[in-house]
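Same chain, two partners: chain A is paired with chain B first, then with chain C.
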Partner chain A sequence: MSAPFLEVLATPALNSVQDLGRPGQRRWGIGPTGMVDALALQVGNALLGNAPDAAGLELQLFPVRLRVLRDGAIALTGADCDARLDGRPVPPWWALPVRAGQVLELSPPGATRRDLAAPALRACLSVAGGIDVPEVLGSRATHVRCAFGGLEGRALRAGDVLDAGAAQAPAFRDPAGFGALPPATALPLGDDPEATTVRVIPAAEYPAFTDASHAAFWNDPWRVTIQSDRMGMRLEGTTPLKRAVVQEMRSHGIVCGVVQVPPGGHPIIQLNDGNTAGGYPKMGVVIDPDLWRLAQLPPRRLLRFQRCDLAQARAAALEQEDYLAGLRRLSALSLMTPEAA
Partner chain B sequence: MTKPSLTPAQLSTLAAEMRAHGITELDLRLPGGDRIRLKAPAPAAPVATAAVPPATSTPPAPSAQTIAAPGPGRLMFTHPARTQPAACPGDRVAPGDIVAWLAVESLISPVTAPAAGTLGAALAEEGALLGYGSPVFALVPEAAPTGPNQMS
Partner chain C sequence: MAATKTKAAHNVFELAAPRVTPMGSAACLLEGEGPMCLPTQRRIWAVGRAAGDLKGVTDTQPGMNNLLVLYDPLATEPEALQAQLLALWIATPDTPAPGKLIELVVRYGGDGGEDLEEVARKKSMTPRQVAEMHSSAEYTVFAPGVIPGFGYLFGLPEPLFLPRRDAPVNRPLLLNVFIAGLQCNVSGPPVPGGPQVGPTGWYSLGQLIDAPAPFDLTRDPPGLVEPGDRIRFILDEVLE
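Coming up: the complex of A and B.
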């Protein structure tokens, strides 16, 4: 049983209902979409005791104002938006009870406070029970380009009313709520404080690139350009990546996180709304457990690639799963079951 | 039909664990709704170092109290996603305001002000492992509940 839970009072474009995406449809040319920072959504869902893939709101542009229509619970994860609930500050990576009539306000990350420990781009709002919109092809994720999924296949706008799935919200032992150690703290990576580091497995065309390109790829910082969105991010470096022998390639299936190199030599990383096929040579693939790091990387920030193999990628995935499992276990202790409340 | 509560043996095990770990108060909510509170006898030297000098200028001198840890955890005055502390001595706080955090593994709990007032000195160090009831901040409560928006 779901019921109206949130009303959108104000939002810029590009904010949408997302879940963990729509896998298995690539053969029809349908990409995964879903929350770019999928880890933020999973943390929010873990804090609230939701199913791991419950849908939430992906907020990329601000300010956003939402009115709570019914008593319940929310979690804010991802970018620190200096959130206020009826004017009272809500810490980042936080779950808390909300009451009907309260207004939640989120500001652009870093605009209202200067003490963010790391750059951040996208916030995730989870609600107890998950945002309830009809499933399309097995997912609630909005596919904006194809205009289906999510709320009427489009981005959010003022006046939208969102249903939540929980019949009964969890009760909090402390009305101030509780939170999660942010992934950047729990799962640190890289030793360059000026850059975000992600791990990459070399891809099929890696050997075709020159030695100088290999060296630049792993050793240079790459700047994220403003031509970056949910489809992908374009990078800029001092050494364009070149192949020793240039061969035309047929289009082939590509995945989220793939690092392609167009003729200009400046790499592109495909993200959740990216193409399902492409013909550019591939330098590597950012491992799944590090995609959330890309999700929080604003334009003009620096990115570094760290070489890794399949075993290290699996270890990283397990480390992330341990972090989430710990959160689920500990959150259950901070929430009272509806019977005991 | 009531569900079985804790057995005397379990209770005495809990009491022994409390003594062993220096826990002075335990508040257990059991599945089924039972609630059990265990309290150790007050220690001979209370923690309250109360270094508040006798205030001569403020006549009613509201008694200082402390903001205590609501549970065990590693104390953080600064949220790990930020670089500035949640609150500093001298800040005015309202009831329920978060003044610090406690981390247990990957979970963070809030330390909140129990009443309106002004924060006094921090009574524990950043990163300290605190137990239930450990003092975190001194708090000078507001003298009397004043009317809304009343200027003093």
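Coming up: the complex of A and C.
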């Protein structure tokens, strides 16, 4: 039922088709991949009435220009990229109808506006029905390292044509579309306006670090370095994190958000394209409901860690579920089913 | 949670009692007690199979005498799951596991074996002695995860023990045979055209000759090895 929907007119490297990732393949050493800002994708899918795990485009380098090939609907979430549809501004966190022939253009976050409400790095483009590429090992996410999934296992390039799944576009009650309260506003966290705050559950080796390291980890701001990508974020601070007793570790499975500390003492946070296993000691792990905050952190931005436990993490997951449920209700009110339209 | 007294043999991490600790909000890590060994790993595999049936568990991944268990935090009680896993560990005996024997031919030293001489120097051995000792052992695939399709190997002879480097170095990825600690693995680009160089704290001893692709979606199963398989490295030549 899918048909060509978008043509890529221009894109830098490193933009790709992603969904919520590829679970259940760890026995082959295949990690999650998927949209780093998974919440942005879930919001886009909620607004368009898509399945929660429908694939979209992860855009992390700009400018990007796309041509719409047939009438349909899109949602733009994640980083505010001063999007323009045929030159007219499209607000961030917005779903709207599009017509064949229209051109969508996205600029680097902050390039045209300095007053961004939140740190911004990666945008997500969702389309009604979801981007349709073949499923590989249960997912449409691009696995660049293994060259499978997504569009031919690679990043997008000019000339690519992307199919979308929906045969019939949803009809909007208001032709201008409708928007979502951004997560940074709906789910605020931390009281340092200069830094992004994420919640961390201490991990197995936490007790092995020195008291000074514990204090620095929780109290100091950590700066994101330019050595950061979809594999992980390297951080630097004023106090390197050291263990009281240094022992040779056993390799073990690791997850997105794990804060590993190599011997130099500068932490690395693992992201979606990272290895499935590692052997560095772990200070803690950023909770899943806060991974989207990491996804939007540009280099040189400051990060703060807030201690959290399993009960608080569960509450955060429920709060995020409530936020998404509200958006699905909003979508149901704002879209007409094709039969009713 | 159980006491976590550790002891140092080669200054390697070792637990006096098993433990389960959170790995964030949607996973936890079960770690077996005692020195790293095959019987413990067979229990890890057995617990991994059983844990897959527990409510809310979405995936499991064995490590080196440990098991990562991923779960949906809204479909289970994380604390209860941790307790269940510890109880499962204690109740699970050493269970024989099937596995196939795989022979891989290695050229030690030269390109892809950049660290052979350094390892020899650190061990007061010749490069050939290191290669012969490394290829004399039979290794067991303990865990997936170095690169797609390959895994972490147990069985490195004790005299070759070396801690990981303090700072990672860049090494070409040519299906190299690496060692670190008491572990061994094969690393490289999983697919043609993958990255040709990568940072690692491990020591590269050599390069596989005529090895099949570690991961190939057109093959069933796609991965070259699975936990429980045994690996023999055949010494092809030593470049000095």
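Criterion: the second predicted complex is superposed on the first by the 341 of 341 C-alpha atoms of A that agree within 3 Å, B and C clash if a C-alpha of one lies under 4 Å from a C-alpha of the other, contacts with A are read in each partner's own complex, and residues count from 1 in each chain.
Throughout what follows, a residue touches a chain if its C-beta (ideal position, glycine included) is under 8 Å from a C-beta of that chain, and two chains touch if they have at least 3 such contacts.
Since this is a predicted model, take the numbers as computed values, not measurements.
Once chain A of one complex is fitted onto chain A of the other, the partner contacts of A:L181 are limited to chain B, with no touch recorded for chain C. By the touch criterion defined above, A:P108 reaches neither chain B nor chain C. Looking at the shared chain after the overlay, A:L330 reaches chain B, while chain C stays out of its contact range.
In the superposition on chain A, A:N275 contacts chain C only, with no contact to chain B. The larger set of touched chain A residues comes from C, when the choice is between chain B and chain C. Of the two partner chains, chain C is the only one touched by A:R145; chain B is not. Common to the chain B-facing and chain C-facing surfaces of chain A is no residue whatsoever.
Against chain B, the residues of chain A that register as touching in their complex are 80, 88-89, 91-93, 113, 115-118, 174-182, 184-186, 323, 326-327, 330-331, 334, 336, 339-340. Across the complex, chain B meets chain A through its residues 29, 31-33, 70, 79-84, 86, 96-98, 101, 103-110, 112.
Taken together, the chain C residues at the contact with chain A in this complex read 4, 6, 8, 10-13, 19, 21-27, 29, 31, 36, 58-68, 70, 73-74, 78-79, 143-152, 163-164, 166-168, 180-183, 190-191, 193-195, 201, 215, 217, 221-223, 226-227.
Contact residues of chain A toward chain C in the complex are 23-30, 136-137, 145-148, 201-204, 207, 245-255, 257-258, 262-264, 275-277, 279, 282, 284-289, 310, 313-314, 316-318, 321.
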